[in-house]
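For reference, the structure I am asking about is given below.
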Amino acid sequence: MRVAFLGLGRMGTPMAKRLAGAFEVSVYNRDRAKAEPFGALGARVTGSVREAVAGAELVVTMLADDAAEEALAFGSGGLLETLAAGAIHVATSTIGVATSDRLAAAHAAAGQGYVAAPVFGRPPAAEAGQLWILAAGPEAQVAACQPVFAALGQGVFPLGEKASTAHALKLAGNTLLVTVLEALSEAFAFGEKAGIAPETTLKVLNTALLKSPLAEAYGGAVVRGAFEPAGFALRLGLKDVSLALQAAEAFQAPLPIGSLLRDRLLAATAKGYGHQDLAALSRMSREAAGLEA
Amino acid sequence: MRVAFLGLGRMGTPMAKRLAGAFEVSVYNRDRAKAEPFGALGARVTGSVREAVAGAELVVTMLADDAAEEALAFGSGGLLETLAAGAIHVATSTIGVATSDRLAAAHAAAGQGYVAAPVFGRPPAAEAGQLWILAAGPEAQVAACQPVFAALGQGVFPLGEKASTAHALKLAGNTLLVTVLEALSEAFAFGEKAGIAPETTLKVLNTALLKSPLAEAYGGAVVRGAFEPAGFALRLGLKDVSLALQAAEAFQAPLPIGSLLRDRLLAATAKGYGHQDLAALSRMSREAAGLEA
Amino acid sequence: MRVAFLGLGRMGTPMAKRLAGAFEVSVYNRDRAKAEPFGALGARVTGSVREAVAGAELVVTMLADDAAEEALAFGSGGLLETLAAGAIHVATSTIGVATSDRLAAAHAAAGQGYVAAPVFGRPPAAEAGQLWILAAGPEAQVAACQPVFAALGQGVFPLGEKASTAHALKLAGNTLLVTVLEALSEAFAFGEKAGIAPETTLKVLNTALLKSPLAEAYGGAVVRGAFEPAGFALRLGLKDVSLALQAAEAFQAPLPIGSLLRDRLLAATAKGYGHQDLAALSRMSREAAGLEA
Amino acid sequence: MRVAFLGLGRMGTPMAKRLAGAFEVSVYNRDRAKAEPFGALGARVTGSVREAVAGAELVVTMLADDAAEEALAFGSGGLLETLAAGAIHVATSTIGVATSDRLAAAHAAAGQGYVAAPVFGRPPAAEAGQLWILAAGPEAQVAACQPVFAALGQGVFPLGEKASTAHALKLAGNTLLVTVLEALSEAFAFGEKAGIAPETTLKVLNTALLKSPLAEAYGGAVVRGAFEPAGFALRLGLKDVSLALQAAEAFQAPLPIGSLLRDRLLAATAKGYGHQDLAALSRMSREAAGLEA
């Protein structure tokens, strides 16, 4: 199978490497320097979307946000113009529901396929082919993606024919992740004022109650104050929660915790913490409790 | 060791049974019917606090709320009057920080011991001696409780000399638990409006992201609509979150998610769901999304 | 002065009538039936934007939302295409900051003027020429609008050269309005559970404390249950608060009360109250307190 | 009529002066220095509650909080012990509903009267006899207070036989006041990031929309940064909102804006602003927007 991979950032790079070992792969990245190393892996390094997708049956995108995905799809020389009829755009980026709907409609009108396939898992999981994949789109198109999914992930959750459903659930998941982080942060500040060290609060609550590796990972980063360099930048967390809230408004399904998170993340960004790791959200709870940074 | 156990409710009963198999135990319950079966287990069934604690080195209480704990301790014929000098009151009930502080001071003034030892775990864990115990109080007193803790739990977290610290952390934990339930409930309603069945949302988010048995248990109850009979009643969840917020005010450490939870739980109670399981909190998210009950 | 007026809804109709009495006016409305009566007032009734704005120095728009304003400006045959060089688009609609910025840039690029001039006041104030006008844009252009402002309002607040500033402040104002309504609604439900009739709560709080005609108007509508027909529809309140929150995100200035209001308005909409008057927001507080509708 | 006045703080002092000019008055204050000047006004300056209330038909209290009111009523030598049968305790302090209920029950059991009569208005209004009085209690007792109310206020709102109802409404009012302040503070920070000076935001929103002297007073203090000395201290605002929330829990009527306010006030207190004027609450919105103090 011939696969094009567009977007070689922190997640895209290890994902593309997995695919390069299994398929005939071409890669493209706006900053070509990140693409060059793929030549040594047997992939075709290209200088444009058009060149990358020529002859590809599947085109996987992993981009930073809606603006990047839209530019790459709708822009001049973009996927809508260059993708072959019958080829499938597999959007693994975390994008908004409205953008995903717009992509689905445009690709369908152009005789192209579109599958939404956002993933859960961080770069090491991507490297190990251990992502979890949320897949939605026309059944035959999703089926055509299975070999790629098998190379990338440890499991696929099929979510039906409407592609944007997968992005909706991904956004709900990221909101849940930020919720856990905020809840732990509040508990840490509360505990600290009660005389309990944050590492103790984390150990007790996660050993005796939550038992979640996610809480361990993010709570641990908070306890260590490991805010830079960012694994998952706080401003990206703000982007995802905002996208979830936009979808919530369209669906008429309020997310009150999500609203609270958005305001916290926004304040953190206004204070200059946007480039730090999401774990820096904990600074807001500390400051609100009058604790030193 | 001679141990008195006061309060034979859903949690107290299996805990007292564990102790009856290991120590010389006397039991007391306001409604004596629940105490009677302990005679067959070799325990001494008594009709008053005074009678129960006579000769006891440790007195374990597991009561529904602050009012019950205060009545039993400060009331006429209560622990303050009847506990022998040097004997220790081991408060495993989930009570407020101010009440715990008041008990600590009063027992100390009376020459009695006081250890706070709230637990995480539901009745089956209590039955299996698999609770987690948060223990705080004067070091020698906590040490004296270790045989009892060993019979009740799979682990003890020592939290220092100030007894109420253990209750503070227990309240933070219960707030975290309600947070997870609320976050899942919001995700379920959001997902449902996006076309995803709640069981799918739960499966995806807990398999790929949270991986928490707690989320599985509470989220599963929501998905099944298993609201009656209540395991952990919603009104008790409201009580605990309110106690956490009272402590948060005293500590000057805001818990904004806690505040949001209190309002949701309060509305659920006003609507008549207080006697249902905490999982019924999910009804609020469904109603706010215009979904049928 | 030759003035075109586009958008003859609840606010636009009385505003256009004021102008018809003072200037040479042409009118246009998508549904022409609402435009016809203006013939009797000496205005030129037209069937297209192009026809309406031909020869006009100022073009006043008063439309329902961003989509309508954008369609009328950017659509085929819209203002960008048809407005004469040097003529000014005076946007009195309540629209988002980003849309206002986009209009400003596009009109400037087309050699046309653009003044943002949203208003405070309800239809009777519009009829009496008693609106308050928030005006922003290039100084000379705002100056050119003064005769029109004088016919429409009792006062103009100049807000500087950046047009969208006026829309930002208008959105902040509408958020404040919804805040007052929500705060009163919460007080009414709280009071009712305390045994105080809502009309008494309103009378006491507004006589002794707030002394605001706005509170009197909206609080009175709540007390009377006057939800239909809508004066200012709840769904439009949701639109405005959402636009304020979008701007807040762009400005990095959180509006936590605004977030709470959005969720309440969204839930009210999901429950089917969106077409009712904004005063129906009070139903949410009543329901959360377990009070009958 | 013989009237005793207990509590000569910022509000009590001007109120007691009004009464000293109209009735036979005795005064008492914990710190006697504040009582001494009343000798020159013809009042009897006393050194104990017992001495002050001897022979009094009405005893007016104006104290800082529930603890002070409870100590003065229930403490040794307090009102319960010393008030003559048939004499009436008129509680003008802003206290909690539960405390007010407890006072009502205790006084009734002691054959004494109890009228709740909290007031709206600041010290200058107290000096001018222009307070607004919320009065509740047994009808005959409230009637007996009318001469005192006439000397203190410009109007009385009768709220029925249950005394605590008046305190409930007073707490709702103070919550509304803090809501207006928070809403303005959010609008100021939002406006400032949009390029609008806070004084302009205040002028526009209060001239064109809210038209409330309360908004003028508190918004003006924010604009001027007039935080010290405190007129109404922020920590007292926190106390009142917390009391409102306690009552809301008892009434089962959520106050979501109140919850948000509590967290903001609590964070402000944790940051060390509790002794400043309530207007300092605005600092939280500025900080959350990344604006300098």
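In this document, chain identifiers A, B, C and D correspond to the written order of the chains, with residue numbering beginning at 1 in each.
In this text, contacts are C-beta pairs under 8 Å (C-beta built on N, C-alpha and C of every residue); 3 or more make two chains touch, one makes a residue touch a chain.
Values in this document were obtained by computation on a predicted structure and should not be read as measured data.
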item	value
Mutual neighbours - chains that touch chain A and chain D alike	B, C
Repeat of the A-D interface, chosen from A-C, B-C or B-D (over half of contact pairs identical by residue number)	B-C
Pair sharing more residue contacts (C-beta pairs) when B-C is set against C-D	C-D
Most remote chain, CA-based centroid, reference being chain A	D
Whole-Å gap between the CA centroids of chain C and chain D	38
Distance from chain C to chain B - Cα centre to Cα centre, in angstrom	52
Residues of chain C engaged with two or more neighbouring chains	248, 252-256, 260, 263, 266-267, 270, 288-290
Footprint of chain A on chain B - complex, ascending	97, 120-121, 132, 134, 155, 157, 159-160, 162, 164-165, 168-169, 172-173, 175-177, 179-180, 182-184, 186-187, 189-196, 200-201, 203-205, 207-215, 244, 247-248, 251-258, 260, 264, 285, 288-290
Residue ranges of chain C touching chain B (in the complex, touch as defined)	263, 266-267, 270-272, 287-290
Residue ranges of chain D in contact with chain B within the complex	242, 248-249, 252-256, 259-260, 262-263, 266-267, 269-270
